[in-house]
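Below you'll find the structures, each written out as structure tokens.
In the two complexes that follow, chain A is the common piece, with chain B as its partner first and chain C second.
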Partner chain A sequence: MLSLAQAVLDGVMIGGVYAVISMGLTLVFGVMGIVNFAQAQFLMLGMFVAWFAWRFLGIDPLLGSFLAFGAIFALGWALQATLFRRVLAAPPVAQIFLTVGLIIVLENSALLLFGSEFRSVATPYQTASLRLGELFVNVPYLAAFLLSVVCGGLLWWFLDRSWFGRAMRATAQDPMAARLMGIDAARMHRLAFGLGVGLSAFGGAAILPYLTVYPTVGSQFSVLMFTVVVLGGLGSIAGAVVGGVAVGVIQSVSTLVFPIQLQNLVLFLLFIAVLALRPEGLMGGSR
Partner chain B sequence: MSRALVALALLAAALLPLALESEGYAIHVLTLALLFAALGQAWNIVGGLANQMSLGHAAFFGIGAYAATILQIRFGLSPWLGLVVALALGGLAAALISLPTMRLRGHYFALATLACGEVMRVIANTAAPLTGGPAGISVPFGAEGVWMMRFEGGRPIYWLMLGALVVVTVVFEVIRRGALGYRLRAVRENIAAAEAIGVDTARVKLQAAVISGALTAALGVLYAQFNFFFDPDTVFGVASISVRIALMAIIGGIGTAAGPILGALIVIPLEEFANAALSDRAAGLSQLVYGAVLIAMVLVEPRGLMALRFSWTFRPRRASA
Partner chain C sequence: MQQVHAAAGASRRRLLTGTAGLVAAPFVIRSARAAEAVSIGVVMPLSGANAQFGINARNGVQFVADQINAAGGIKALGGAKIELVVADATSSPTNAASVAQRLITQNRVLAMIGAFASSLTIAISEITERRNLPLLTMSFSDEITGRGFKNIFQVVAKASVLGKAQLDLTMQLAQAAGQKLERIAIMYEDTAYGTSQSGGLRAAAKAAGVEVVMDEAYPLGITDVTPLINKLRGANAQAVFPVSYLNDSLQIIRAMRAQQIDIPTIGGAAGYVIPDFARGLGPAAEGVLSISPANYDLAPELTEPFRQRFGYFMVHEALENGVCLSVVAEALEKTGKADREALRDALRGHRFETGLAKAMTGGAVQFDATGLNTLSEPVMVQWRGDQLVTVAPGHLARAQAVWKR
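On to the complex of A and B.
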């Protein structure tokens, strides 16, 4: 019973990060209707930015996450302006294979530039844990979780309260009407794409203290992110929060029952089941 | 293309290996290109005619490769009979996968099929007593002979792949020109309208999926006999098989019989050449080029090279948003 409570606690904290990295995916889909299969590769880039910031500038990855967000936001902005802009009105096949091509390009660019070795950071709190009654709170998990909560709060404020956020949601609902209201839709798309991949990069940096980074690390997160957003409903930010925590808890609890190799299998089957039974997501409704 | 031209091309393709060194590199690359052309053609039935973007065809491919190889190791079964088993298992797997994914379209279908392929990869990696696990599996060595598909030199397996490509292409053309082809296109263009005029859309999609899955599994058997060794991450791989198969059709021209053949004849030699030329200098460079070519293709002409031929003369510019 105690181990179950511990697994749920760990799952919630890991799931908080899953929520943030998946928000980027759902945001891009919500605003532009594009499923970015390469989303997890931006997470990988964020991890690398944070790693280099730690190695050469001595910046803790938790602070480096803001740096990662900034750098990958700029990259996303540029990619939207050059590549993705051209496939907005294209059939799904072009969108799918543009992002699949991007996976190959990003992973192999990282391999060329940074090499294939596994890199990790050393932080003073890496092995620390707090006692909470009978339970232990892993400090890197907690730090990543709290950072994700802050990030999620900022995103909520941005989308719900700021002019840019409202303009972006208007663009998502009806690009033509938004344009008539004087909103530069193309600019909103660049902003949304930059924000979307930036969020995943931010989450990637936040989990760096307890993981290692290497060029293909993203593939671990691809199906996971899709499971999160499909669980919550593609395009729904609130859904990503619920889905993220749910996936974190399921993943963590399933390790109590199944051998570690089958951990992902549980996730895949859950993913297929949700797609088959409720493709609009557990939260239901549109956006 | 006229019939005479097709016959001439086929004759040239059949005679070509006689001009090449029988154990040579060129014949190896061409055999691989023929295999992927056939795979792209099998994918084309679902991806091209019904426009269901499957990213999980590795599931069928791997099932075929593993089933026939395991039967050969355990019971000394001839790969020819393995081919029959693979056809059955591939069709069955496609039917099973179709049940939950049939209603899905576009991105959702791509995502669901992707996950199905991944499920098979995890299972093959975990079921080590049967599959050999991550260490992979080897086709047992035996005496040469047609019955065990064990040939001397590279020519017979080349002809075998050529034959497979012809069979799959004929199946594709028969479907495309027949009633099933028209129904599939009706499903692709407007599913509600197809339903309204009495097309049993679920049945049509299921038929296409089963044929495509069965053929892909059979090609997996040929791959095993061609390569002798494979592991779960290769035959169930997303990038190595699922995406690559779809790519043949997309680069060449989706929904056309010549598309996957053209795509494979360009992409596979290009890949092999890039690997040979660039991999010593920098790991990842050849793959990087490959990804860049894919992106360029999608941006320049998402309908594939087949469409470029027509657009040279008349090219309406699409307004970009």
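On to the complex of A and C.
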């Protein structure tokens, strides 16, 4: 019972992070209809921004995550303005080529610029934990989770309450009608893409205190991100939250019964089952 | 010096220009040289999950090559210089094999050194065996010299021997501190290296009557070790034996300390014996033990120049890969001709005790019929600040082990 409670707690904490890194993917799809296969590479870039901020400016990665968000938001904005803009109306194959090509470009640029070694930050709280009775709450995980909650809350507020957010949703629903109402759709797309990749970068930086960063770290997350998003319903922000927490908890709880090696097998079996029974995802259609 | 750098640059350029850079660069170098240099292929994972180790390994080989060249090259070949052709195996066996193939056909290397990770080395050895080209390695897996190949040479003890030593030396340390080990935990990465080394550990535990209360494999590139450490907490073990590379070793120690688990931790080399381990963990690294096939403090006079040049201590993979080249050079002095089959025959049976080979445990290198270095004996090392100190076995120990129950 105790180990179940611990596993659920750990799963929720890691799931919160999965939710934030996946929100970007779902946001980009929701607003622009593009599946960004290179999403996880922006997470890697965010980790690098935070690592460099820590190494050379002495900024803790948790604060650095805001820096990572800003830097990668700007990069996303620029990429949308130059590259992605051109494939918005193109056939899906062109979009796939662009995003998959971007994986190769980003990973290899990181390899050339930063080298291939693992980089790790040493924070004062890296081995800290809190006790909740018999339960352990790992501080780096908790910090990443809380940051994810804050970030998710801000995103919700932005999309639901702010003028920009409403304009963005309007663009997603009907670009033509939005344009007629005086919304600059191209600008909304830049904003959405910047936000989307910025969120993944933010999540990447938030998990840096307990992980290491290297140019191919993104590939460890890309399949997970897609699972989260498809599980929750592609294009649904609430779905990313539900999917993220579900993936985190499934991964964590499955290890109570099965070997850790089978962690992802259990996840994907459940994933396939969900798709078979509910192809639109857990929260699909409720967007 | 110059050609080494050009070749190293080639593997990097390959990222931009595809294979053209790699193929062209050594070709240019060769035509620029008058004397016939001896080409040695160095295939290492310079990108991907094991890149850090590959870079260390390459530095070790480069270190020895420069020493040999500075001392006048291979004298028996008229002072021929050693020319390294460095190639990136990435961290995937398929790439490793095709890179090795290319080094043989296009760069005409005389011997090959590689490729740190056992799974990569095994892939390469399939190629070198077919081409009758000597392959020297410091990969641990038993499979390397366990297949009856004629062209493979393993300069370190096998993984199963390392695994056994990991347990046996730990038992000795515990006993010296007045503790009898009865329950241990094993966790390992499910790669060729992790699997065979944990196999050795398991067998040794069984032989010693020690109960393995946790025995868990996990995938390479794991991003969340919490479930692993939760299991460890529930297992109530007296000591834990993690066999992992760097990314996971940092996560494991961090998560253990966060859950206030401070039972003795005895790593399985790889991620536990490189400077980045202490750099990433800071005080949390202090006192962590690890098995290692060799350690720099056993021959400070030979390894200190490495630290001065590269800025970090001569990690074991740098040392052993350097030894591979040192052994090749001595064998070439013996045969006096640049022929791969003569080289292979010279490697087998001879006792190599010049150059860096002296830094190995046993003070020399000697290969048996399977290609295994029979003189190599694993050592137990312990972190003290940012240094690794040999603490067992007794006749090699440089300091007393600290054993916390």
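In the analysis below, the second predicted complex is superposed on the first by the 274 of 287 C-alpha atoms of A that agree within 3 Å, B and C clash if a C-alpha of one lies under 4 Å from a C-alpha of the other, contacts with A are read in each partner's own complex, and residues count from 1 in each chain.
Criterion: a residue touches a chain if its C-beta (ideal position, glycine included) is under 8 Å from a C-beta of that chain, and two chains touch if they have at least 3 such contacts.
Computed from a predicted structure; not experimentally measured.
J.: By the touch definition at the top of the document, which applies to A:65: first (chain B), second (chain C), both, or neither?
T.: So A:65 meets neither chain B nor chain C here.
J.: Once the shared chain is lined up, is A:112 touching chain B (first), chain C (second), both, or neither of them?
T.: both
J.: Should A:236 be classified as contacting the first partner (chain B), the second (chain C), both, or neither?
T.: Neither partner.
J.: Does chain B (first) or chain C (second) touch A:261, or do both, or does neither?
T.: Both partners.
J.: With both complexes overlaid on chain A, does A:96 touch chain B (first), chain C (second), both or neither?
T.: first
J.: Looking at the overlay, what does A:22 touch: chain B (first), chain C (second), both, or neither?
T.: A:22: touches no partner chain.
J.: In the superposed view, which residues of chain A touch chain B and also chain C?
T.: Chain A residues touching both partners: 108, 111-112, 116, 215, 219, 259, 261, 264.
J.: Hey, which residues of chain A end up touching chain C in the complex?
T.: For this pair, the touching residues of chain A are 3, 6-7, 10, 14, 108, 111-112, 115-118, 120-122, 126-129, 136, 138-141, 207, 210-212, 214-216, 219-221, 251-252, 255, 259-261, 263-264.
J.: Using the touch rule from the top, collect the residues of chain C that touch chain A in their complex.
T.: 12, 15-16, 46-49, 51-52, 54-55, 190, 216-219, 221-224, 226-228, 230-231, 233-234, 246-247, 250-251, 253-255, 257-260, 276, 279-282, 284
J.: Any idea which chain A residues touch chain B in the complex?
T.: Residues 35, 83, 85-98, 100-105, 107-109, 111-112, 116, 175, 185-186, 215, 219, 223, 226, 230, 234, 259, 261-262, 264-265, 268-269, 271-273, 275-277, 279.
J.: Okay, in this complex, where on chain B does chain A touch?
T.: The contact residues of chain B facing chain A are 51, 53, 55, 99-101, 103-104, 106-108, 110-112, 114-116, 118-119, 122-123, 125-126, 238-239, 243, 246-247, 250, 254, 282-285, 287-288, 290-292, 294-295, 298-299, 302, 318, 320-321.
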